[in-house]
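Heads up, the thing below is written out as structure tokens.
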Amino acid sequence: MQPKMTLIEMHSFFEQVFPQVKDKFEVLDLQPMAATVRMHVDEADLRPGGTISGPAMFALADVAFYIATLAMIGPKALTVTTSCNINFMRKPEPGDLLAKARILKLGRSLSVGDVELFSDGSDKPVAHASLTYSIPPK
Amino acid sequence: MQPKMTLIEMHSFFEQVFPQVKDKFEVLDLQPMAATVRMHVDEADLRPGGTISGPAMFALADVAFYIATLAMIGPKALTVTTSCNINFMRKPEPGDLLAKARILKLGRSLSVGDVELFSDGSDKPVAHASLTYSIPPK
Amino acid sequence: MQPKMTLIEMHSFFEQVFPQVKDKFEVLDLQPMAATVRMHVDEADLRPGGTISGPAMFALADVAFYIATLAMIGPKALTVTTSCNINFMRKPEPGDLLAKARILKLGRSLSVGDVELFSDGSDKPVAHASLTYSIPPK
Amino acid sequence: MQPKMTLIEMHSFFEQVFPQVKDKFEVLDLQPMAATVRMHVDEADLRPGGTISGPAMFALADVAFYIATLAMIGPKALTVTTSCNINFMRKPEPGDLLAKARILKLGRSLSVGDVELFSDGSDKPVAHASLTYSIPPK
């Protein structure tokens, strides 16, 4: 099953619907049931000790899984998170974060999967999230 | 077991350590093993359909449990989230959100508990989160 | 909103539908949006060091939330768990376990809530679980 | 980093320490930071509608991650689950279940990772679990 949206269509959709965060997140790749997203980390994301805040990492996991799902079902902005479980495993390096999202089950009303977060240039995950999104009826 | 920090000490600590979010969150109450925190919701927290974004609700749950924990152990800024499971249950009303955090287990190295989020003035939770924080060694 | 099933109706339903575990679990109390269930702990539930196995505690949390939900919606055996997050917090005492389940959101298609597990006679939770059940359409 | 235990050593350890479940679970493969385990499904694991019970699937996820962890750290029976998040995604086929566990972070005191469960012969996961195990100090 191929994505219904191209990278260019996704960028365009994202700019329209989430103007407040369009410069924060960059969709790097869309594959069947998968997406890769970069988060530009800035001062507001940092916490004491130089680490990236939990909410910033949650936001990246959330948006990456949203994008992986939308790419498969088409642009339905009202698709919403119903649950997320996130484990923080390592202190991120200074710099941007990358998220690799994969869908494990795409049903009519739910999309279920997980996301790994990496510091740019590292292959050791800093966090791992499991997410469920609710897909609005047609 | 009584909290080690008063509401005034907590406000002062929070302003020093988290200047970037000190106007966003307001600690309303500290009790043994529990805290109540308000989040001032603004335009940047909203999403299509008028709902409050998942990351904003995660941020509130995270900070409320952090505050409940710090109140009990004293001001250790490097206390960090190790895991969070959050279920989004209802669309929040327009307006601020309140978080009620309770600690279920306070050990030497871990604090474990949960947080319920409410729209201001409602008693039906919009989200429920379970969190684990890692406490730095002395 | 009152439960649709009495304690006696629940016992009768449970014996019919789950004959393989009817002697393992005992429903002690049904309240609006809440249930209390006892698990009789035996040798097969124990693990090295004398602790109760994770799967046994999961089973108790799962069945307690199932019962709290069924009591509210009536006997729909095909109601199934869609997700569970469980944190193990303390080593249980030898002896039975009690579960206190509460429903936080009862919708048409989902029941969401949490369960605290206690060693019989103690008020310190040994585990805390958040669960979501899917309710079959009418 | 290579496993510290061979498949034969793991079988022998498992028989000694978990005699009550040694015929239930079969370790099929050990790799660096990964393990594959089969669960023999029998009548006691089934629920109304012919599905496999949630606790049985939890038990398989739990044991598979335990084995993946022990293989890397050596036979420390007192390694215990501290948290598990499990999403049930599809109704399993009749027959055995396979679990593929991977470790995402192996620290001195914690092992964090996830497990996918499959019906034997299918490549669509029926459930996905994220687990954290606590490793006892030396």
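Per-chain residue numbering starts at 1, and chain names A, B, C and D are given in the order in which the chains are listed.
Methods note: a contact is a pair of C-beta atoms (placed from the backbone, for glycine too) under 8 Å apart; a residue touches a chain by one contact, two chains touch by 3 or more.
Note that this is a predicted model, so its numbers are computed, not measured.
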Practice task
State which chains count as neighbours of chain A and simultaneously of chain D.
Solution key: B, C
Problem - Of B-D and C-D, pair with higher C-beta contact tally - result: C-D
Fill in the blank from the handout: Taking each chain's centre as the mean of its CA atoms, chain C sits from chain D at a distance in Å of 23
Problem - Centroid spacing, where centroids are CA-atom means, of chain B and chain C in whole angstrom - result: 28
Problem - Centre distance in Å when chain B and chain D are each reduced to the mean of their C-alpha atoms - result: 34
Completion exercise
Expected list for chain A, residues touching two or more other chains, is 83, 85, 87, 132
Completion exercise
Listed in rising order, the residues of chain B that touch chain C in the complex are 85, 87, 89-90, 104-105, 112-114, 116, 124-125, 128, 130, 132
Practice task
Using the touch rule from the top, collect the residues of chain A that touch chain C in their complex.
Solution key: 83, 85, 132
Handout entry: chain B-facing residues of chain A, complex
Key = 17-18, 20, 43-44, 47-49, 51, 54-56, 58-59, 62, 77-78, 80-88
